[in-house]
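Sending over a structure as structure tokens; questions will come in a sec.
Just so it is clear, A, B, C and D label the chains in written order, and each chain counts residues from 1 on its own.
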């Protein structure tokens, strides 16, 4: 693991998620940009002294030289460093799981995609919400045709945690709305892309073009705190996506509705163990996580019996579980279990970055429709 | 009452709503476009033979000649006839409650507004959902400043009752998507304007401009069955509105979220007796219809004690209750109780029609922002 | 109407419920125990001067002498007077709808049942919650065997409106816990019997015996503010019933769960338009009020289309609608529509009274099982 | 770990829960009653060959002889063996976490309590649901007086997974209702005691006496599949508890309501991240897991930020987290963090067993009130 030092929120989440099934062991790290702090914290967490490195370059060198080098490198450093580090490790032959956003530009994203392909390395990106069992079941239902052709998807990620104007000077909030630190987008780049990725994941389609209405409800912000995005997908599906950080009363607000010719689905991250499903001309019914005979994708992503709540850390762990299967399959030169082949990839990271740029561009142009695909996929 | 003959759905609803509090008595009608059928059905419903008319012109003549002429005429005929009938009765000095849409064009709408003003007659339009006690309480909370400046309103009216492609030939569904019968818009004109009117009602602001993305998910339809509308209001509020008739799994789907500087509100027509309210930096709390000390507007619109469900017919009746107060106040030459002065007016009907036209225009122009105000209010 | 004078809560509810469908007209009344106040209030409400009576005896005499005597007398006076008035009107040949409790003793209840039978008059008792469309649908589902044999019913009526110990001296609360005014039971007699009646109504079975645990959570109360009742029914069903007035956080809390061999149902008065139904080994599904093809009982008790909330006043009106049908059928000497033959009867009022006495007796005897049937049905 | 061999459900749950925070490492085990199967499965799970034992006696001997003996032994064997194994390990100086039920008799339970005390060893029992952050917050709220004196607690654990009469011969279901295998109680012993323990945990009070109504809704069962238990607690609180395995439509159904003089709480295991709280005479409000400034007990039991669902595995892990703190505190001869001192103990296991016996006894005696305390606490 690179980054995720003392006091970080994402570091423990990755260690929890990766270790939860006992499929990965935390064996090496460069946890802090301050070499001594990183080395000492790593050892405190149980790393061997010679594998608790001072920085990511030292670790790259050290691990490259070992026979028992790590199987997977998690990159959880500040956003602007993701590209450089991910690139270096991929080129050195490591598999990488990179925190989102994978890069700061579309061009960098394309580079990562090419490097991963050329080196035949896994480059995963952490859209952890697609790890939920019932999100995977939605994808399986769509894929096997339960909904028929998908007409429309409506995704949402609306919270109210940045609604207090008095927080304008709070550094934990402010940087997100500062183009110098956050890039071309705030709320869409932070939350919206989770919803957009989920729309793609569930429908099995990619976004082609979009039109965005972005606003800064708190006037001092340069970047948007609320965005409405209409989009189209390559399978003909129409998309709607609302994201907000000023929606007081909403805690997390990631949800998705999928409407096809033959039925509709509704799911919300805050109650992730129930999925609402209405087959055309029938009644609304509640699918429970852990039901028997759902789908191989759902079954594989479930750990406890029906009726017992499962939450985000287990969804997150499913990304690692997929990666363990992919790495093992590679080692055993066998195909990956298709029900496990669901982790988000570099191409997803790239497409998200292209969507972020498109949203900023369309928003600035009064909602003009713009191509949302990265150049390499046009 | 004009229209609402045998087998109509809206006729009984009006008779229920108007009679519920005993404030209006059903005393005259021209209920059917077939004179004999109308006369006979009216008598069957208890009208005197001489006040069960064969058509609206006969009734206009008959009632105009009476000293005990009706206080209020409800127009519940097919949409294309609303303008002509409403105009005629207003000019003859009757108060009118017209079903929505009030007219088929903006120009007709402006005529009605002017005629009503010149004749000092009430012309109400039936946006019945604003009659709910807690909708009125939202308006009161906004007006008294509980939420501070309103940043954003997100309204929705999404159902799935027109999602079956096999219904393409069902005459009860088909006409809505046929421009010859429905005008320039289907789903937005049918449902969307309820949500838009509610956004205006609750915020106390009017829509100035909008941008729409409209689609026909069922290909054979000429008019839209799904629309996403972004809008701006004259008090600086940003608006989002989604309406759909192909959202399988949603029954009614009229809901509204209002986000201000100091708090957020959420309400849904399907569970109308609870209002979710989060003051900034506090917890989400549930306001119950019938609580003591809500607001004069909410109290006046409540009939049963807290915890007992109230539904749509009582909301509808509140429109009639407001009208009764307005008519009585006029007779008694005293001001109307402000807590009752909440019925939707001709200006609301006009603004809705302007919004319908704007949505169709923006939708056809790829989401271009267009002025949503009627010319007379620009 | 007897009782329901100025300021009463139940008076307007009855006038609303009876008038809502236009099936009854409010034509005579003795609304107050103070003759002048009653006469004047009645006329204010639109009664003719000669039918706005000073007391119930005067009205009995006056109406008995008329050819156009009222079809139905609603008794909404203080509880202790129900027996005397109901008895007098039944004996004089009037149909009666009596507020609950029908009587203060089991013996009085048996007298009323006999008198109604002998005089072939309708004596209805106002358990209004069984008027809800979906409650009637539950009954229909059970009757037609959808659930198979009913194993268990769990009913609840828990609110928190008497939880404030500081209310001990509040006269509107205090009287309920005073045996001199309320009889042998407080919370069970006030609320519990609604839940118990609903259990009987839905299952089509009668309570045979019961065991009660009653407590006064507020020490100064002589009668119970919380009771748990286990019971058995004559079709073999086991029952559980909890009622409380100190359950802070609960507003109304009338709900019922029915479990059979082939499925389970769940319904709650606060969200009355949805019914949760799980057929054995299938998924939970949501039945909506207003669905097509539910049952004749449900259809008849519905007024607005699916997705539009209906509430308590319409449920209440269904009791009156049933009575109108029963009275009309009698006049037309034809059988009553079975889908309308669902109003609660004197036998229900009697059984409730027997249950109240049994709860008090069992509670006092440490939960001993006691016969809950009135002597005439043993 | 003893038990939890291949195919077991509880084994993986314990390994997941204990390893989740990296506080325990799985280093020794006797996983199967078939020695070879156990040894091989243990090694497959990563145990060293010399610590993957053939049976619990071999492991006891082996671990006792080591200097790096295990810190904690988890007993997850069939119920009837819990006593013998737990006893042996406690006497040998190990800390033990025993699956529920801790013993099959009250007398055995008292022995375990005494042995643990005499040997100053931890004997924990796995009532994992009390590990939820918001359950611990309820306890903290009660303890610090937010609710005032607790008047009533209403707990429930009702599911429908044993409702199919056709399952009578299904061995996975049948044994629970067979006294030879399950002891004196089925559903209460399996599920009811979780709810009862939670009532004690939250209120900080112990059950003194109880009255039970138990039934076998499926006639072929000798033991109960539904029970209603009324009880009293040593702090004066009245209790109600319903448990069922035939409640079709309910998935898990563990929930609790707590009513005090100054407020009421409601929580449900299926939506564990929200807690409903109504302070007296105020509005119902929703407490979210992960809110700032809840209580030290809640904060310590939370891992991810507000709005992200947490589920049962994390609750379970909190029991292990508490044990890690207790073991560490003992090693460091310092007091245990009070916010962590919440794991269920041998005394809880004993009291539950006494309650099981009391329920069976009261149920057989028609609901007679019986002492529910173990003899040593009378």
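In this text, a contact is a pair of C-beta atoms (placed from the backbone, for glycine too) under 8 Å apart; a residue touches a chain by one contact, two chains touch by 3 or more.
Everything quoted here is computed from the prediction, not taken from an experiment.
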Chain whose average C-alpha position is farthest from subunit D's own: B
Identified repeat of the C-D interface (over half of residue pairs identical), from A-B, B-D or A-D: A-B
Distance between chain centroids, defined by C-alpha means - subunit B, subunit C (Å): 36
Distance from the mean Cα position of subunit B to that of subunit A, given in whole angstrom: 43
Rounded Å distance, subunit A centre to subunit C centre (Cα mean): 55
Touching two or more other chains - residues of subunit A: 284, 288
Residues of subunit D defined as touching subunit B within the complex: 283-288, 291
Contact set on subunit A toward subunit D in their complex: 9, 12-13, 15-16, 19-22, 26, 45-46, 159, 251-253, 269-273, 288, 303-314
Sites on subunit B touched by subunit A in the complex: 151-152, 154, 160, 163-165, 211, 213, 215, 217, 226, 228, 230, 238, 240, 242, 244, 246-250, 257, 259-261, 263-266, 276-278, 280-281, 284, 366-369
